[in-house]
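A, B, C and D are the chain letters, set down in written order, and residue numbers restart from 1 in every chain.
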Amino acid sequence: MLLTRRNTLKAAAATAFTLTAGRAMAATRISQFIWTGAQEPVPRKLAEAYMKAHPDVTIELTAGTNAAMYPKIKASLDISANDPLVNFGFFNLDASAKGRTANVFAPLDKTAVPNVENILDAYRQPDDIGAIFCMDVCGLVYNTDKIKEPPKSWNDLFDPKYKGKVALFDYYWAGNGLVALAKLNGGSEDNIEPGMKIYADAAAAGQFHSLYTSNAQLQQLLVSGEVWIAPYFRGVALPWAAGGAPIGYSVPTEGQVTFPEGFQLVRGGSAEQTRISQEIINLSLAPEAVLDYCKTASVLPLMKNVTLPADLAKDPAVQPEALKSAINLDYAKMAANHTAWSDQWNKRVKVNL
Amino acid sequence: MASYETGDVVLTAVEKCFGDSSVVKGIDLTIRKGEFFSLLGPSGCGKTTTLRMIAGLEEPTSGSISIRGERMNGVPINKRPTNLVFQKLALFPHLNVWDNVAFGLKLKRVPEAEIRTRVGEMLDMVRLSGFESRSIASLSGGQQQRVAIARAVVNKPAVLLLDEPLGALDLKLQTHLQEELRRIQRELAMTFVYVTHNQTEAMAMSDRIGVMNAGQLEQVGAAADLYLRPQTEFVAGFVGQTNLIGGKVTAIGETTISIEAFGLTFDAVRRSAVETGQAVTFSLRPEQIRIAQAGGAGIQLPLVDATFFGATATYRLQVPGGTIVAQTQGDLQMLAPGQTVSVSWPPEAVVLLTGGQS
Amino acid sequence: MQARAGDSKAAVLMLRMVLGAVLVFMAAPILIVVANSFNSSQFNVWPPAGFTLDWYHKALTMPQFQRGFVNSVIAGVLSTLVVLAVGTPLAYAIVRIKFRGKSLLQGVLLGPLVVPRIAMGFSLFVLYLASGSGLYGSMSGIVLGHALLMLPFVVSVLVANLGEVDPIVEEAARDLGAGAVEAFVRVVLPQIRPGLIVAGLLAFITSFDEVETTIFLVKPVVNTLPIEMYLYLDQYQDPTLAALSTLLIALSMLLVLVGLMFAKRGSLRFLLGGRGA
Amino acid sequence: MTGGKALGTFRSFYVPAMLVGPATLIVLIPFIASLVVLGVYSVGFYPGGAGFDLGVWKTFLSDSYSWTVIFTSIRLAVIVTFFCLLIGYPVACALVRLDSMLMSIIAYTVIFSPLLMSVVVRSYGWLLLLSDSGFLNSLLGAWPLNLGPYRLIYNEIGVIIALVHILLPFAVLPLITVLLQQPQQLREAAADLGASPFAIFWKVTFPLSLPGVIVAAEIVFALAVSAFVTPAVLGGGRVLNLSRLVYENIGNIEWGLAAVQALILLIAAVGVLLILERFNRRTFGEKS
């Protein structure tokens, strides 16, 4: 075909048309939210397999982060309760807790998702709102060139020998150790003060190098040697180390912070969308799918029927004692307190940096 | 109303206000077909506004304008049989000489071949052959001026309007282009309406001149008319130099009247109805005053000062309560200030001013 | 250097030195990104650990970048056309015509520049959904959003340019028989061509680099390149994006060179300084 | 009497309406509508909101921390604007004096290249350059200087450097335009009257270019005051501005607070811009 101007215009018009009019075409359209990066391949594989088996179903995968996607989902439900932006997706316990309070998520039907029964009892959600089937853990990430002896305690973040060499995640309560430190010092999700005071004093004393807001920033800081130690996720740090970066992950003796993740069904979908969504969730909870996911995303399964492969089983972070002493946070309370904490964090920690 | 025979451009009671200020205050004017008509007046007198109303750049607030018998009110500028040569030229900077001149013809979808001949002829006429592909910025002021004229004339408008097109040029170039304009106008027998504040320019080129002042048309006539028989103080003062003298009618004769001013008596030809005792103003052109050695014919007046210009000389003469100016050919013997001289003038030189409110 | 009237030698020398220093400053972070795109370390180790073209291979073969690039080009071109089409008459009205509410209009025009893009994105998202227009997640929605962000730039550039065009040439064109629109197209547009080019480039670049507002408006099918880059960076920190950025810069330089070859010399001299006579 | 009233005949209602209409319809109305969204959200009218309530405004405005953030946003933007003009002006002067085509192309490409690079990637360029162990500090730290390292990033300095870098093209563009528009004869006339090059600059070139300086200031200020990514990536948590708070509060589903902060930023910025605009008018007379 000659690429004349007319043809190009036609093509452009056609594109624009299909892009706007596309939503009404397929028989059933499912919108699934997934995390970007290492978390992407497994859900994509499953979605493709499902669509092959069910040609009348189209699954539209939206990759993104909880931070960017959750507000959109909430806002869209507020505006049109029967037309959610996504039908189901992957959420951490933090977003799950927020969504539960805000009535964003719907309970799963045990008969439609029988695999929820295989989730470890401790992580089974009340009313089965969500299937939290895996978790990441948060400990100490450090530069192995600068720190030869792996750090052992959350308190190492405040060791004077690391003055100016510590970075923290901005606002991410699970990831920056604030709540963990509060709990270890007599506080709780209801009383953050003991932790907040430690952070505020350390900030004023110049302990912190900077705050970061993305994985990439932390990696840059650690690899360049500008920052030696930071609290962060094992699942993020391990791939860096595996890729050859001088980065190590260490389990604090006081316990790692758990960061459970899993599926949530969003309210407002049609009966058919709900049925298909639950069917896909159920398939995703099959042992081999879970294991596949945990391996690619460097997270730990929370399923009764999944056994860790030998190499992973040796990791100190997943030893039974380590998991036993892990610090479990009350994400619902954290969600409720988030705004107040942010305010404190801004006024007492950030302004003193 | 106005017909093709009576006039090419007819203005009837044309007024123009911008907001509260009235710029043109009721003009009636008929411009004949094929004449070179000038609107003369000081800046701010409304002459440019009048021209812009004929062109269609402004709509009159009231009154009507017609061209060749067709009413022009409400007809947009691009549909009028007029073309305008702008004061600031307004050449198209992004087009070359040829494209500037061909602009109007292209818009009228004139066939390509005809455009070629007409633009070629036009450039010949304004002596710009060979400059076709030059950019406007590379031309001299005079050349740009000629492009502007050619660009308007090439469209063969019924009426060509010119808004002080020569104002910014040096004197020599001005004179040269005045001649060219006159030549072009004769060759094409086109109606020209020319706006200027320069009386010499107007007098040099025009068949007739309309003198405007403060939004009004004071007098219309040929150059000689205006000069010799001004009707208003303004016209008398604006067209050439003159002595404007106020006085009182003292006697009315058969063909002459006598006017008293400065305690002197001035005789004038009787042209209009006056009454004895009426206060009048008259004009006495300096060059009409004859000066001779004391003791000659006429009244005796002391000479205040004398200035020689070579070909002419100017004298100021003392009259009770003022001075009057006289101009003579410079062939006289030295007349020294302080001296008394004999002064006289023919009665025709005393022109009673009858028009105008001033 | 082309001296201008009243230049002193010392001043010209100083200007040259300032320009040289600023060029180094402007180029530095870009050169370092370009250098890093060949870094064989996947962790941005500085100085580079070794040479590789792997990141270029990755940048060119990842489907989301390919699709994002196409989407970005479509969004950029369409929104630039839209904003020029509506912005040019708007700028013309501001420069040439007195009308009621003009100063209000000029005030409102500054708005999209200063409302935080995030907030703009959020409120457009709410509007798109609440209006039931289907704009959310559609190319039209992105084009509209981008046009909105660009309008202040486009109008300010065009207002400056139109101010330079003597209104009298338009009268002249009208006098020679052109209708109002025809006079504008034949006489004004050619004279503001440099402004249209600059405004168009600014608009296109704005669209091509927009993340903060766009992220609220997209669905995966219409994800633009910067969105894909943003999402990629959240998870991977290798030099793929350095390679992708280098490719984009190379591509734009290529386009500039092609433009130079085809453009009339005169119009370029105007853009590049020293008004061509 | 010529010029300005050119289209006198067409100065009806319809002409402005036709010219302004398309932009209003497809761009300004959505913009104003989104301001309305922010407005009603800020007073508690949103799905799930509590209904009319000025509480968020009151709480935010009565908190001294809020004012710190507002002033930080404005101060940062003012500093960035100042440096952009300080650097941009001589650069524009130098650019209009370039007569080699090749030099022009190189200079323009380099100056406008930041616009071609995604803000995120560009920020990483700065990290590599300015960090303690980065390119610049290793240069300074090397023999024979042995200086530093200086903390050039993760603080306001880094944010200012990076913002000046990205916003400089926006300052240079209007400056070039006014400098090119200046008639050469004016400077020639001044030189002829005996003005020194210094005097020519201060008495002729600079005053005539002020309108361009103000346009440049307006654009740079507007972009700097609402900048988000650069302060977030290079500020290391130390640079708190309103855009950042808006982002956080949208993430926190605090719609009301986010809307209040966005509107306050808008009001503060428009306030500063109006002052600039007023100055522009007073100095140069009412435009058109």
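Just so it is clear, a residue touches a chain if its C-beta (ideal position, glycine included) is under 8 Å from a C-beta of that chain, and two chains touch if they have at least 3 such contacts.
Keep in mind it's a predicted model, so treat the numbers as computed, not measured.
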| Chain pair, A-C or A-D, that carries the greater number of C-beta contacts | A-C
| Measuring centre to centre with C-alpha atoms, which chain is farthest from chain B? | A
| said: Distance between chain A and chain D based on Cα centroids, please, to the nearest Å. | reply: 36
| When the centre of a chain is set as the mean of its C-alpha atoms, what distance in Å lies between chain B and chain D? | 56
| task | Determine the centre-to-centre distance between chain A and chain B, using the mean Cα coordinates as centres, and give it in whole Å. | result | 89
| Two or more partner chains touched - positions in chain A | 68, 71, 75, 79, 214, 216, 220, 224
| query | Which parts of chain D, given as residue numbers and ranges, touch two or more other chains? | reply | 2, 6, 124, 133-134, 250
| field | Of all residues in chain B, the ones touching two or more other chains | value | 56-57, 76-77, 86, 88
| task | In the complex, go through chain B and note every residue touching chain C. | result | 55-57, 76-78, 82-84, 86, 88, 90-94, 103-104, 107-108, 135, 137-138, 151-152, 155
| Where on chain A does chain D make contact in their complex? | 67-68, 70-71, 74-75, 78-79, 98, 102, 168, 170-171, 209-214, 216-217, 220, 224-226, 338-339, 342-343, 346-347, 350-351, 353
| note | As the complex stands, chain C meets chain A at residues 41-46, 74, 78, 122, 125-126, 129-130, 132, 134-135, 138-140, 215-216, 219-222, 231-237
| chain C touches which residues of chain A in the complex? | 12, 15-16, 19-23, 35-39, 60-65, 68, 71-72, 75-76, 79-80, 214-216, 219-220, 223-224, 240, 243-245
| remark: Seen from chain D, its contact residues with chain C in the complex are 2-4, 6-7, 10-11, 13, 15-16, 18-20, 22-23, 26-28, 30-35, 37-38, 41, 87, 90-91, 93-99, 101, 104-111, 113-122, 124-126, 128-129, 133-135, 162, 165, 168, 173-174, 176-177, 180-181, 184-185, 187-188, 190-191, 195-198, 200-201, 204-205, 215, 218-219, 222-223, 225-226, 228-229, 242-243, 246-247, 250, 258-259, 261-262, 265-266, 269-270, 273-274, 287-288
